[in-house]
Every structure is written in C-alpha cells, then in structure tokens.
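In the two assemblies presented below, chain A is common to both, partnered first by chain B and then by chain C.
What follows is the complex of A and B.
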C-alpha cells in the first residue's frame, strides 16, 4: 500500500501565517523533511547530472483556467464551419499561422513551440485540472504532487531563502490550490488569492527587527550547543528551516512592483494579469524556481468570441511582454514559460455562440528554456475535431517539460517501497521541440 | 395585429448560424447572411425553390448585416468589409475595407447614405452610389473601464432619417444629427454590461440593439441584464426605453423567464408596442406595451434569433437564427415546415 510521506503532519493553511509556517517548517519540514527526504528518494544514476543541468532553471506557468479555445489562439481553422469568425495571421516563423487575436505573439514565436495535439480525454473542470496539474490520472491512495511541487523540489535549493513555489490565483471561479502531495508540506505553494502581496509574512509590529534577529541568534546558539551532544541529521534541517523563514520574511519586496521602473510597469500594462506576470518575472529573477500565474476564467459556453477578444488581448500582451522582458534580462534561456489550461474548447459552436469543454484535440505552448523555438508539434484535422498527428497525453507533456529543464523524466520517487516516476508510466518527451 | 396568434408558418433548417436578413417586398426576395461567409437569396413566392448563393469572391468571415437599396444589396461582416452586390447578377460591385475591426451593423438613409459601425468604435458614413467615405465619428471609448477592447454593437436610424444612434459594450448610447454628425444627446444603460471582478474577471453583455420610436422622441435599448454566471447568457433579457430629450428612463423591461440578449427591437407604427427578439441557447420573440412595459405576448423559438424583419402591413415576420430561418404569421394557417439544407 502506498504511503503518504506527510501523513500525520499538520496541514498548511491557505494563507502563509508566519508562526504556523515556523511550526510547520520546524516539524514537517525540519524534522519531518529529513524523514521525507529519506523516505522519498530519487532513483536513477543520472540524478547528480540532472541536478547540475537543472541548476538555475526556472518555470513560469501561465494557467488559462477554465479552458481557452485552441481555435481562437494556437490552432485556428479559418473558413471551416468550426473556425469561428477570426482570421488566421501569419507569424514571423514561415509556415506557422495563429489566430488574429494573438498579434503580438505572432512576432514572438522564435522562442516558442506550439503543441496542437493534446488529447487528454477528460473534459470536466475538476478532474481535468487534477490531470493537467499532476500529469496523470488521479489514483486512490496516492496523493500525487502537482507540477509546481515537483519542480520546486527538482529545481529548488533546500537552503534557498526565497519561496520555491508561488501560485497566484485571484479569481475565485475554478480556484484550486496546488498540492505537494506525497512530497510533503515543504513544497506546498505560497498561494496568493486576494492581494498581490503575501499576507502574514511581515514581522509582527510588536517585535523589533533587532529583537527578531537576536531571538534567531539565541535559538541558533542553543541549537548548536544541543547538536554538539546530540548528533542527528534532522537537526540540520530544523536549523535551515528557521533560517529559511527569515529569508521568506525578507522576500516580500519581490511582490512589490512599485519597485520596478514606471517604464517596465507600463510595458506589462494595467491589468491584474499583467501585474502578476511582472511579479512572476521578479520572482524568477530572484531565484524562485516555479511561479504559476492563473488567468481566469476562459469557460466561454456563451459568447465565446467576445470572451476571447477580451482574454486573448490580455494573454497576448502579457505573454509577449513577459517573453521580451525575460529575454532582455538574459533569463529566458533558463526560464521555461508554459501556457496551459485544463482543456480546450469544442470546435462546434453552440446556440449562444459559445464553445463547450473539449479535451480531445487542443493546444498549449512552451517557450524559452530547452525549447526549439519556432516549431509546431502535432496536427488536428481540418475542423479541429481529432488529432491526426503526434497525439500527446498529459504524461507526455510532463515528460517534455522535464526534459526541457534537464530533468530525467524517468526519475522515480520511492514512496515507501513503491517507485513513482515523476512523469506518468509510458510517457515520452517530444524531442522534436527540444533543443 | 393579433400578437397571441403568432406562429411559425415556414421554417428552413440549415447548418450555419444566420446573423441578418433583408427583404425586398417588390420582388418577393429575401436575403440572409451566414456564418459560412456567404449571402443567400431565397424566393418567398416559391419557398421551396433552391436558394442562390452569393459569395465566392465576397466576405471571408461572418456576414453580420445587410440592407437593400433598389437592386443593390450592401452587406457587412466581421472581415471588416462592406460589399455592394448586384442582386440581378449576384456578383459584387464594390468591396471596401471599411473598418479596422469587426463591422456589426449597417443602415441606409432615404437620401442615399450608408452608415456602418464597427469595433474600431467608429461610425462611418458612405455615399451609397460611389462608396466614398463621407465622414467618420465616435463617442465611444476603445477600451472598457477594465482595460479590455470595447465593442460598438448597435446602430439605428430614426424613421425620418434625421437622427442616428450608436450603442457600445459598456452601455453608452450617443444620439447624432445624421447630417451634421453632431452629438445631440446621450443615454447611459450600465446595467446592460456585466463586469465580473472576482469570480471570472472578464465581462459580458453590451447594448445589442437600438430603435427610435416612430416620432423620433424615444429610444429603446436592448441587451441583457446583470448576469451572475457570465460563462453563459444567463441574465434576463432586458429592454430600456428613454425619452431622448431629457434622458429620462421611461421603462425598464426585464424577463427572467426568457434569458439572454435582446438582439433586435422594432416599434409598431403607432408606437404603442415594441417587438423584441433574441435569446440564449434558444430564442424568443416578445411583444410589450411601450407605455406600461407590460408583456403582451412571448413566443419561444428553437434557435437564438440574431436577425428580424417585421412587416406590420402584411402582418408577417422573418427571423434569422442559429441554424434556422423562419417565416412567422399572425393567425395564418400553418404550412407544413420542410427542411432544405444549404449544402
């Protein structure tokens, strides 16, 4: 029977309370973490190589919650009964056309691969979200970690003083908090739901910074004295967890876009999604390995075309600005930007001029780190109803993401005595879109 | 007109979505614009005849509006084009890239001028004969208060041709002198626009149709009331009637039983009634008293209605809807509906 590595540990609350985080990290991630790390171990000879290759790699996931239409973004079908009213525009990459709703991205495909052949089969929000956020179908008795948690573990530094999994989801519809699953609470996200700034990580006003620092030094001194006579690997983790708390408290400035020049803020624009993309850039620049920015809510059962005129304008502007900014700072080479939702939308157009849920032939994009830009993988039929070339599952997409980041997709976590591959069984990377 | 006797007397089932229609009563022909980018001509005297297709060198996206001027048909579409057609040869006469974004509606004045509105938020005036641009004007912001592209859906001309009205996504109506293009008045209908700041963070709605009262003193505005779940057309259909001179709202008519957008409005010639049509997944046609707002009658339809033609003299109506074209009559014997797919 599968084991839950974090079973019995306190659950982390939605907001990141400083005291509860210290408790959590002191127990679950300090003493508990050592146990976790012993219990969940990565197998495979290439582990060290992976770590070296993955060093400095970052990921920004643009989560298109509710399901964006592939026909109005990356896989247009102009002139077909299913195509809708929008035209296809030629991109700067010869032979690749995308929807006219993405004019700025049409000039930014040199670093982007479009995948047009996802067939993930599940078309209800909740189950499809689980599938696309874990890369595999839910299984009773195993609490699979979400992508952010896996990448926080694989790309993060255990001693890091910045968060290693930040998730921004300010709309309420479809909001689901990512979970570290069996990787344990150490890899749960810092989850921002209401404000741009994390709540409750500031030092209490009743304690001066000097007091706080001196308390930490006293605790550190006592810990070292204790450790002289009581040797155990968990003590080191305990101390590092406390050190990490102070680092997290000091990282609030990363969420403050007022610190950015006005010209940069203007480039990202006035929408919340734009501001969150700017925060994401600040976070990865500071070393945060995984940032998820959710843009909701694309569930356009009615008025699909009007909805996509609004949301695609936001996505097109913010995604192209983010890619530009990362590239200009030299970060794109080591940062993978993913645009993905839980599914796409039906080729057929319903009576409300809407499109419904559809998981049989839809699209996503990968940009930057490890990606062969200017490429398209997979093909759908002339009406977009089925995949006719290069069918890709959620597991295949995960394998591709891991491979782009230099992580061996065959790596396994040991959950008790059961090996769990980080990408689903039988999944394979799509090497043709990798560098 | 016996509203309660309204029924479909003939229905054509099609594969496409039909957005607009026009009728030339002199030669008994009907035209409708389709999601397949084409225009179709249907004989009304021989309803089972094969319809004529216009379009191999015409529009490249949904055809959203059309007017008849003598033997000329002018159409507009989401491809940003205005196209003049010879209804005898069925060939295009003139093709103009008229707007920078989707064209939503067109109308024509008795003195030979064509007006068009598009999502570039411009109202443009064209010489009907030459196709020359006469003027371009706007009172509508390009973006919504929430920084997204706005849309200019609605256009209406007063019966005497002296006044024009334009209406946008966020609920702003501008009333214009149709000759000087000076703004005469404005009306606000903010409840026709729903912005969801929390659950879904985008918007739905907008002013979808406008109609002057026969005497030109009142304006009816159609759309959808506030929506809880903006994933769907889940708001009550809504009509607001205003006194143009004062801006006072005279009536607010909401029908929660018939949800969705009011896409079309027509006043009766005596100004006592207003006909509305639209829908959500399905369609409706409703009749209301303009003085009281009281609903006189409502009929449901199997497809969301986008286009409407009402002839109060002959007591007939035609609707262009989602995969449906229908002829309606008031108390006439119902013919057996037959289907004639376009392809």
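What follows is the complex of A and C.
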C-alpha cells in the first residue's frame, strides 16, 4: 500500500519549495530546532549510553504466557513421582538432558544457557506477570517500566527510524500490553494484537505519498517557526514523535513475511508463533532493539501433558529455527534470546492430570549475546520441589540479562529524588553463564 | 504572547456579521450581575493575594510577559471548558472593551455547562480513569460537578458510599476497582486525598523522608483492611481484622489505626459474643458470594469511616485541604506549590508557604469550594503569564543564565509551563477545531448547548480512550503521531470535506489568505504571523489544482502542531 505509484500528482520538483521555506526561516538553525529527546530525560539522566547503542545489542523475548512446565521442558525428572509420562533425552552437550518434548533444542544448546533455579515466590498470573516483566515486586505508587521499555531506552537509538519496542500478543488469554511506566510514553511498545501489521503504520490510499510527505514537511516548518519564540522540551518531544512517523511507515515491510524467501518461511513453519518469530528476526536484523513474541496459553491446570505435547512442539521448532537463522546471519552474537513465562508449574500432578502454578523452582533460558552456551545454572531437588543450588530471583535474572547485554545492572534512574536501580536492590548477575 | 504582526489580522466581512450576533448572545449569558456580588469581590481579593505572594518571591525580578487576549482566552477556555475557544468566542473577547473582561469571561465559562463536564473529566482522570472507564461513576461525578459539590462531601461519598447514599452504587467505583489490592487501595487513597506517597515505607521506614515510618504505612492500611464489597455491589466493613507487619528488626507488630499526622484511633472493645460474631462473619462471606444474600449488619466501629471523620476533623483537615489546593494549583500552572504532588512532607517544603496557607485557609473557610479556588487562580496575573522567552526574544543572551532563569521562572511561577492537553481536552478540541466554526459557535450560544455538549462528550470518547493520560514527564507517544498521520478516522471524519467540517467550510471561501487566517483561528485561536502567511500562501499557490486536499493538509498540519497539542 505504501509503495504504490503517485500518478497524477506533482513530482517533488513541483512541490513545496523547501529551500525557500528554509530561507524564510532565516537564521532559524541553531536555535534548538533539532528535536532531541535527550533533553527530556527529566529523570535526571541527561546522557544516554551512546557507546552501548553503537554496539547494536538486541533482544528477542519468547514469552510463554500462562507458565510453561519446567518438567516438560528444561528440567525433567524422569522416573520420579513428579516426572510425568515423558522421558529425558540427552542433548549434544555432554551431561545435559532435557525433556523429550524438545528434541530439536536438544541439538541446539551450544549457544543456550538453561537456568533451573528460579525462585520467584509469586504464583498468581497478574502479580507474577508484573514481577517477571519488571524484575521486581510491584510497589504501590511507583509505575515500574517493563523490560522492553528499559531495553528500548538502554539499547535504542533516540532518532531511530525503526520501532524500538515491538510486542506481539495475539491470544486473548493473559494478554497484557506492557508499559513504559515512569520512563514515559516514548518507550511504549508498538503492540500487535489482531493483525501482523501494526496499527496506523501504513498510508491510507486516499492520500498520496507526496501529499503525505509534504504535509508532514509543512507541519515541521510551522513547528519550527513556532519554536523560534517558544522553545520547550515538551514541544521538541512532540516534534520528535512526528519525526519518526515516516521512518516507521517505511519499516512496514519488516512485518511482511511475504518478502522472505519461501524456503525461510517454510523453515519457520505455518504456526502463528513461527511467523511471529520470523517477524522478530526481521525486526532485530533491521535494528529493533527489543521484540517480544508471546505464545499462549500454557496454563495447564488440566491435561498438562497433552497441552505441553502441542505447545512444546511449537516452541521447540520455532526457537531452534530462530537460533539457527540468527546464527547463520551473524546476528546471534549480538542478539539475546530469552524464553520465559510468569512462573513454572507444580511438580505434583493434580487430579485432572494437570500441573498448577508454581514459582518456587522453575526454569528459563538465555541464548546468544553474552551467554556461555551449553551451560546449566542451578539445580532443583530430585522431585523438583525446591531449589537446592544457585537460587535466582527475578532481580538476579534481570541483572544477568543486563550484564549479558553489557548494561551496568547497578545503573539507576532518578524518580524525583528517589534512585531506582534498573535491576532490583540486592540483585546479582549470574556470572557463570556469561561469557 | 502578543502577536508580532497585528497588521496581518484577518478581517472577513462575510464572517464578521455572524460572529458579532453570536458574540452578543453569548455575552448576555455571562452573568454580569454576579460580577458585582460579594462572592465576586472575595474571589478578586483572593486573586490579588495570590499575586502579592508570587511577586514577593520574585526577588530576581525575572522578566515577565502577559498573554495577549487571544492567548489568555485559549488557555482559560481549555482550563475551564476543556476545549479550545471558537473563532466567535475569540472575536467576542478581543472586541470586548471592559476593564473587568477577564472576570466576565471566567464567570461565563464557570457558569457554562462546559465547566461541569470538564471538571468531571478532570476528577475522573485523577480518581479512577487510569484503572477503569466506568460510565456510571462518570455520571455520578457529573452530578457532583454540576452543583459544585464541596470537596469534603465528594470525599465522604466516594470513601464511605455506604454511609452517604447506600442506594447509589455509582460512587463505589473508587473503592471497587482497588479492593483486590490492599497496598494499592491504601497508597492510592493516601496519594490522592492527602498528597502523601507512603509506598516507600512499606518494608522499612522511608529511607529519604523522616516523616514517614512503617507505622504510617500500616496505619493507613489498617483503615482499609476490613472493607469488602458484596456481590450486589455494596461496600461494607467487617467486624474484625487487623494489619500485622514485621519491622526491619524482625519484630512482628499489630498496626494501629493511625493517620498521617500520627493521630491514632482506638478501637472500642467488641461487645458481641463469639456466636453472634461468627454468625455475622458468615453473613458477610455469603454476601460477598451471593447477590441474593441479605445485606449484613454494619459494625459500630468502622475504620474507613473513622479515617474520613478524622481527616475532616477540625484538627486534621488542613492535611486534606492542602493537598487539593496544591493539586488544583498544579493543574493550572503545571507545577505544585509543593512539588512533586505526592510528596507533601517536612523535607519537601512549599516554594510559597504563605500562599499555600492563604489558599488552604480560604478553601476551608469557603466550605471546600473548589470552584471558588479555581476562579481566583484563573483571575490572577500569575496565571496569565506567557511562556518563557526564548533566546532570540530575551534581552539577556547568556545561555546558562537563560537556562537558570527559565528553571527558576517555572519554580516561582514567573512564567507559564506548557501543559499537555488531557485526552478529553485534545479529543474535544480536535472536534471543535475541525468542525464548521459557524455551526459550532451557533451551537454553543444555543440554550440547548448543555445537551449538545453531552453529545460532544460522547463523540470525543473514542479518541480520548486511545490517548495516553499525561503524567509527570509526559512524552507524546509515537502511536499518537501515527494515529494523526494515518488513521482513517482522522482523514475521513475530522478532515472531511462536507459542510459540517472546517475543510468544507474553508473551501467555500475564495481568497486563499482568508482561508489561511480562518484555519489559524479555528485551530490555534490566533491570527497567522506574516511568516506563516507567506509559507502557507506559497503552499496554496503551488497546489492550486487540488484545492480541497490543500486545505485538508493545512488543517492537518495545524492540528498536529505542538501549539495545538499543549496548553501554553
């Protein structure tokens, strides 16, 4: 749609003469005309970390909404009363076994670290989701930013032409948008719910591309005239949002997987999760720092094993394909892939052959950027009821994620006079799984 | 700020006639008699006290500049009516040759139906909107704002709905949407009604604020601990239930019913025998689960009601009053006298303590009259200050000096701070700006305006719900810019070319410079500067084949400007 020909409309040479506009504005340059979001970091931090940004780190979060079972994925307990019907298979990394429901990942662990010792304590969906999406326990009166917003801010380029936080969540169950909290609307996610294409990112057919561009230029010119007498960071922030529109529109092709060769699309497969993983790869390849792809709904209070047979097959296939694809393109060393949910599932099997919410001893994985592949961190007891080695909190996981990306986990945001560290107080990165 | 080029002011004979007729009708409704009343004189005096206090803190004699008539009218109409003024209203105001015309216009706006609707929207945003959009609750708020219900009454109705109007479930929404989370209920209540964020004192005494101890946090929580909601939707209190907490030294404590000032309420011994108590507890449990269940009895000692009584008692009411005075001030200045607004404590003193005391006293003595406070604020000279001057306008050129002056200027209310429009302000203003200005002016001056304003509210709701509610450090999200740039609603509805729309209306005007002037007035409430005229005329000339689209694009560029997006 955005690329159709502009028949019957003036070419650029006939259009509004930009040079004459600039002349009209006289010496307007240098009076703070450039929209610069750096100036509205009213949180007290004026300089963003340019060095990091230049290094181009990216994150894809595979969000297992509802809570996947660690026993049917990364921490099987074969032969134990809690083990369930599935076997453990050896992986290509000596000494590491995972559930037989993850056969493809069993040959893809060389870039992945498995964490088996999360103890995050909170086991209701809403609160646990907040905990795992912000890395800290909710506190009344403070609106903490979600991981995507923190990383959009830490890894994104303020003038980026591509989105810096894309979140895909097409299921209705457990859908949550994600919030930039006190970091402000600049870091809100571009949220895809119903369609694969973000809302309002494509030009309407009823306006030509020339008109669309020229009216944006006209808006810009008028705003600059206004700024000559009224300069303020709020106005600059407004201009900056409009300044990103055309760039974002030009990135619409990133969401269009039809542009991928048939062979690549076939690799990712026909499931929606697969297609969204492919979109995620396209996005990080183009420089989008954070993409969240949600796969629902793992909340298997009944029929846990059938549920996991189906969902693990999708996860196993898509995650291994994604890792392969990123690696082949040379993107994996700068892209961190996280698989995580709000909690795991009880080792005990209930009367409906289900597993319930469980946050005391569960698993997640980190792959790629900054991660020591082929490693396992932490250990649960023989039935999987408790962590016996390397207990990790949500804050510790966040610290580890930040450290893997080269972000100082002790860095603080200032909320008024109150310092808020980006990873919760007293959290420590797990250095043994970092390169 | 006065326009630098008054010679470019547009004079259109075709429009002028209708504008004047409307202007006269509108002026008659301004309540001229009221302006001579005692109440009016008191408000004027209060406005003068505000200015004395603001001036007394301006030791640096920072340069100040007062808004033009059109600039003041845009600001005050957005602030009191929740929308931009129409072309007719601007012309009327500019042409009005009276020494007390600000009194006239503020009175007229406050007495208009717009004010009650706007107050309702503001209250909703403050009290509930971020959590829930609740139509019933909004209708309750509108009822309250229409009759300028005193703030203490609103507080009572919302916090103890079962005491004030047990049959009416609408005001229960505040409690209802927070009941699932005691921490949120307690802290939100403390922030909203008293300006004190105690969240940080949950796990330990507040690390940065000496005033707030763990005891305060759990003290406030205690007042809410027994609150429940029946399946029918009625709010009630249980007969028992205490908040327990662990101190940092590991000691386990029962929390007292303690207000933020440290004043405690002692619970009388419960004189029920165990059997009856058990029966009541079961009745409550049943009522929570079954909407056919009988309404359980209320205990004699009801902690939430105790909190409300305590907060409004002669000794404690200043806490409560000071908070809303400070918040109301911040609404009109973009910054509180105590700032941040949820940090009213001894470590964060007011920038103008005497002013805050004067306004708080007046507020209490006037019977918690929010309207009177708002009226006085909007009549003050301080309120009518322009934005800070930029380097090119300022007499002093040193960059650092300018920056410091600007910061100080905001802190001491020497000049205005741009404030983002709320979702409703923006959505309503977009409807007004892109509508046919003559039709809108006629509608507003019509006796049916109250009804039509209600309809306008309904129409504005869709967009308002899409927009982000501005908080501290608000940044316009790119999703908003994308909506304005690419949504079919914007292109086809707001920028429609029919007779009910500005684009269609402008298309009937022949002279391009008249079109430009009218477009500027309709959207930005002012005349085009000579530079804008040149830029826009040129745009027009180059595109004379596509007249309607050209007009559309101009209107789009104006409503998407920062000047439109903010109140300044």
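Everything that follows uses one rule, which is that the second predicted complex is superposed on the first by the 359 of 435 C-alpha atoms of A that agree within 3 Å, B and C clash if a C-alpha of one lies under 4 Å from a C-alpha of the other, contacts with A are read in each partner's own complex, and residues count from 1 in each chain.
The definition used in the following text is that a residue touches a chain if its C-beta (ideal position, glycine included) is under 8 Å from a C-beta of that chain, and two chains touch if they have at least 3 such contacts.
Note that the structure is a prediction, hence the values are computed from the model and not measured.
Of the two partner chains placed by superposition, A:61 touches none, neither chain B nor chain C.
In the superposition on chain A, A:315 contacts neither chain B nor chain C. Of the two partner chains placed around the shared chain by superposition, chain C is the only one that A:141 touches, whereas chain B remains out of contact. By the touch criterion defined above, A:387 lies against neither chain B nor chain C after alignment on the C-alpha atoms of chain A.
In the superposition on chain A, A:340 makes contact with neither chain B nor chain C.
Touched residues of chain A were counted for both chain B and chain C, and C has more of them. No residue of chain A touches both chain B in one complex and chain C in the other. Looking at the complex, you find that chain A touches chain B at residues 66, 78-79, 81, 85-87, 170-173, 269-272, 295-297, 299-303, 306-307, 309-311, 313-314, 349-354.
Across the complex, chain A is touched by residues 1, 181, 183-184, 186-188, 191, 197-200, 202, 208, 340, 342-343, 387, 389-393, 418, 420, 468, 471-488, 491-492, 529, 531-532, 534-536, 538-539, 542-543, 549, 553-554, 556-558, 560-563, 565-566, 568 of chain C. Chain contact summary for the complex, chain A toward chain C: residues 10, 14-17, 20-21, 24-25, 31-32, 37, 40, 42-43, 139-143, 163, 182, 184-186, 188, 190, 198-204, 206-207, 211-212, 214-216, 218-219, 221-223, 225-232, 234-235, 237-239, 241-242, 244-245, 248-249, 416-418.
Chain B makes touch with chain A in their complex at residues 15-17, 35-37, 60-62, 78-79, 102, 146-149, 151, 198-204, 206, 230-234, 260, 279-282, 303-304, 322.
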